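Per-chain numbering from 1; labels A, B and C assigned in written order.
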Amino acid sequence: MFLVTSLILLTACGHDNSDSTDACVTVWAHAGQESERSVLIEQVSRFNARETDCRVRLTLIPEGSYNAQVQAAAVAGGLPDLLELDGPFLYAYAWQGRLQPLDRLLPADLQADLLPSILEQGRYHDRLWAVGTFDSGLGLFADRVQLRQAGIRIPDLKAPWGAAEFEEILEHLATRDADGQVLDLKLNYAGEWYTYGYTPLIQSAGGDLVARTDPARAEGVLDGPSSVGAMRRIQSWILRGRVDPNIDDAAFATRRVALALGGHWNHPRYSERLGEDLLLLPLPDLGHGPKTGQGSWCWAVSADSTHPDGAARFLAFLLEPDQVLAMTAANGAVPATRRAVARSPRYRPGGPLDLFVEQLDGGYAVPRPSTPAYPVITAEFQKAFDRIRSGGEVQAALRHAARTIDLEIEDNQGYPLVGRAREETVR
Amino acid sequence: MSAPNARRRLNDQTAVGLLLAGPAMLGLFLFILAPFLVALALAFTNLRLGSPLPLEFVGVKQFERIFTDPDFLRALSNNLLFASTVVPLQTALALGLALLLNRGLRGTVVFRTLFFMPVVFPMSLVAVVWVLIYAPGPEGMMNGFLDLVTLGAWEPRDFLRDPMLAMPALMLLSIWQGAGFQMVILLAGLQQIPEELYEAAALDGAGRWSQFRHVTLPQLRNSLVFVVLVTSILAFRLFDQVQIMTRGGPDGATTTVIYEAVQAVFTRQQVARASAMTVVFFLLVLALTWLQRRLARQEREIG
Amino acid sequence: MKASRLGRLGSYLALTGLALLFLAPLAMMLAGSLKPNERVLVEAGTLAAFLPVGASLDNYAAVFERTDFLRFLFNSVFITGTIVAAGLIVNALAAYAFARLQWRGRDLLFNLVLALMILPFEAIAVPLFYGASILGLRDTYIVQILPFIANAFSIYLFYSFFIGLPRELEEAASLDGASTLRIFFAVIVPNSKPAFASVAILSFLTWWGSYLWPLLVTIVPEVRPLPVAIASFYTLPPLQWGDILAFGTLMVMPVLAVFLMFQRWFVRGVASSAIKG
């Protein structure tokens, strides 16, 4: 009896809109900020009002353990037609055969309009599996007044701060600062931020999380001299007291520090507090040019979807300039399509955040490794960073992380393309 | 009663017995015994949730892995630390409360109700509420309280992100939530101690402390052993608070065996590895139970 | 034990002090649930934390607006209620068979029950999670109910009680030719109310707060119970402490009311769990 009740609850979709046949696209999305949620809910109802033969039913799932929940649901084919994934986790879904390629579902002109970073993130074994309606931007926010008073040159992508120059700047700023803490690395964020925010510095020094080979490999790369050197630098900034712990999440907004590593999501608050004094700069160049992060939530169609065309139509709708602009106005992220960028007051050329677009479009942004091992890579890097920030030996922490990552890749035989995933890639 | 008659009767009861016990036994087989045996078996494989690769037997590799994994070893030692701190403190607090409530004072029921109240709170709710209590900065409740009792000497701390304070913070709320349960059991034990024993001890000239040591504690032994066992097992099951409040951090300071197992199976899909962890967990619980049975039996032999 | 006047005063002081410490988090939750969101954290470190100045029910309205609270409440009541009710019948019947009937395999099975008593849920959570996932049973009520109905400890509690009942009760009925099942329902059950109350309360306390299992096997709000709902409400931005505390207060109110009404039974039920030793 209880089984029956619950089955009815779960299959209730499709019963409510009687006139259309079985056109019902189920969608799962993560429950982000309130503004994002309400935009998405609005978009669903707008789409449902516009389309006559295709209806979308949206379930919002709290972010807490979204990926773990969705992974488990995937095992017995419990995925909806269209689902939102956190970018770097999508390769695991693709490898397990849970997704179907998007490149044959989305119109070609739409794909051509996407920023290269979006296409890079969604690619795995030469197929496109997921696209986001927005991307992320990572940069160095700076306080124009404090830089001017200290007589510091304002850098750009063509002439970024070098490693030695950056460290001199930190020391110089420290002499003018009450507590000597002049940089905010968002140490209070933890989690995926560590990987997202700090690997660009490693990459700028010539290191990386893993070698971008197939299969990926961490030993000799994550614990190689370049990565170790970069992490030693970051550790020395922290241990020398140049970095604000940012426990109140307001180090930069209250002008306690002159420099803050941060993302597009920080911009609204910072510009509100600093106004014209707010600068957005590229990350320092630690030897191999300035690098930055990329990637965000993206949409994918499940392999078992019975309405892939409806799902793709809804996704194409979300990628229309108006919809992209509505979403990015709500969450502050970088619009995923060039047409939307051109119309965005913040991101169009000359806008306050055009640096983010330049970074994503000009090859400065490095995608996170496209391997199903990413969840383990990021978890191990986070643990290693936790150790490093509290003074642990850098080489040992990174070597342990590298070994664990390689063991995971080995355990999975290097993620050979088998079964359903192989079928899907040739579809 | 003749022999055939007795056998028929026995047979009749076998049918009825199986019928009555059947549903429960089926449930125990399907949902407890079988999963447990499966967990034992899975610990020797490489099973992963959703992996397209074939299943293999890998011998004791998973156990080798977890016992060389610093995070799992940290989890084990955290569980031991939690148990060795919370068990004595919580038992002492529960015993103190029970003794106070057993003095025949007016209003005892009201106090008993108050102390027991947190027990009906789900741990996940308690954890969420205590995140607010442990809020960093001077505006946090715990910081404010410590500032008050130290007359302003306390420097505000970020309890849940401080490697030294995160574990004690979890211990405190666990004691708050669980002490009432133990108190009730000990109170019931106290009330079963015959008044004559105290009278006899008083006649022998025994003081308060001596009565407590020579009458109360020995008489309460089985209740105490039970309370200690249950609290120890709870200490090894520690999960909800960790998941909600600290996610095992900072830097592994609050990770636990069950948290590591859930991380393995839930966020990394490593079913076999998680199974190996829960087998270790089970062996720990088994050892504790065995110890308690031994202690309790000793008592019976003496008594 | 008699206490001197001074001793009594000391006891009251100690009890009152401890009671205040025990009550503080609850008082803070209740007061905070009535305050404007932005004031909750700011005032948490002062005595104002316990005073609902400017009280309103706005946060409660927000809970119903921002979450599907009634759905979560229904889920919790339905899941826990079914486990408890079905568990009472199934486990009491089994215990009766063990305590009173002579049948082949009885001792073997009863020893098994005793052995399973020490197996905590966490020891079998991984294979259960795996099974639920591959069988496609996630996000259902059944997966949150069925595994927990049969319970070794409940059987043992019933068994301990039944074994102490005088046999004459049943013998009179069996002379009348009543069937075993009828004897059970007509004679045993009415004489075992304390045992049923204890088992009901203990299993209620166990499953009402259950967090790990629903966290593992549910994702959609339609079947999620309160303990996971509050944890995920807490992670849902924006972080509004007033709303969270209102959610918490709503969540414990019904249970607290039941507890206060039947607190004697709760205490007796919990105390009876100690017979395990």
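What to note about this one:
Note that in this section a contact is a pair of C-beta atoms (placed from the backbone, for glycine too) under 8 Å apart; a residue touches a chain by one contact, two chains touch by 3 or more.
Note that this is a predicted model, so its numbers are computed, not measured.
With centres defined by CA atoms alone, the chain at the far end from subunit B is A.
Chain pair with the larger contact count among A-C and B-C is B-C, by C-beta pairs in contact.
One inter-chain figure worth recording: subunit A and subunit C are separated by 41 Å, centre to centre, where each centre is the mean of the chain's CA atoms. If each chain is reduced to the centroid of its CA atoms, subunit B and subunit C end up 16 Å from each other.
In subunit A, the residues that touch at least two other chains are 65, 72, 75.
For subunit C, residues touching at least two other chains, in rising order: 129, 133, 215-216, 231.
The residues of subunit B that reach two or more other chains are 49, 266, listed in rising order. Touching subunit A in their complex are the following residues of subunit C: 82, 129, 133-142, 145, 215-217, 219-223, 231-233, 235-238. Across the complex, subunit A meets subunit C through its residues 2-3, 5-7, 9-10, 31-34, 59, 61-65, 69-70, 72-73, 75-78. Subunit C meets subunit B in the complex at residues 1-3, 7-8, 11-12, 14-15, 18-19, 22-26, 28-29, 32, 40-46, 49, 90-91, 93-94, 96-98, 101-106, 109, 112-113, 116, 118-120, 122-131, 133, 146-152, 155, 180-181, 184, 205, 208-212, 215-216, 226-228, 230-231, 234, 241, 244-245, 248, 251-252, 255-256, 259-260, 263, 266-267, 270-271, 273-274, 276-277. Residues of subunit B touching subunit C in their complex: 9-10, 13-14, 16-18, 20-21, 23-28, 30-33, 35-36, 38-39, 42, 47, 49, 97, 100-105, 109, 111-133, 135, 138-141, 143-145, 147, 176, 180-181, 184-185, 187-189, 198, 222-223, 225-227, 229, 233, 237, 239-240, 243-244, 258, 261-262, 265-266, 271, 274-275, 278-279, 281-282, 285-286, 289, 292, 296. By the touch rule above, subunit A contacts subunit B in their complex via residues 65, 67-68, 71-72, 74-75, 95-98, 188, 190, 247-248, 375-376, 379, 383, 386-387, 390, 400, 407, 411-413, 416, 418-421.
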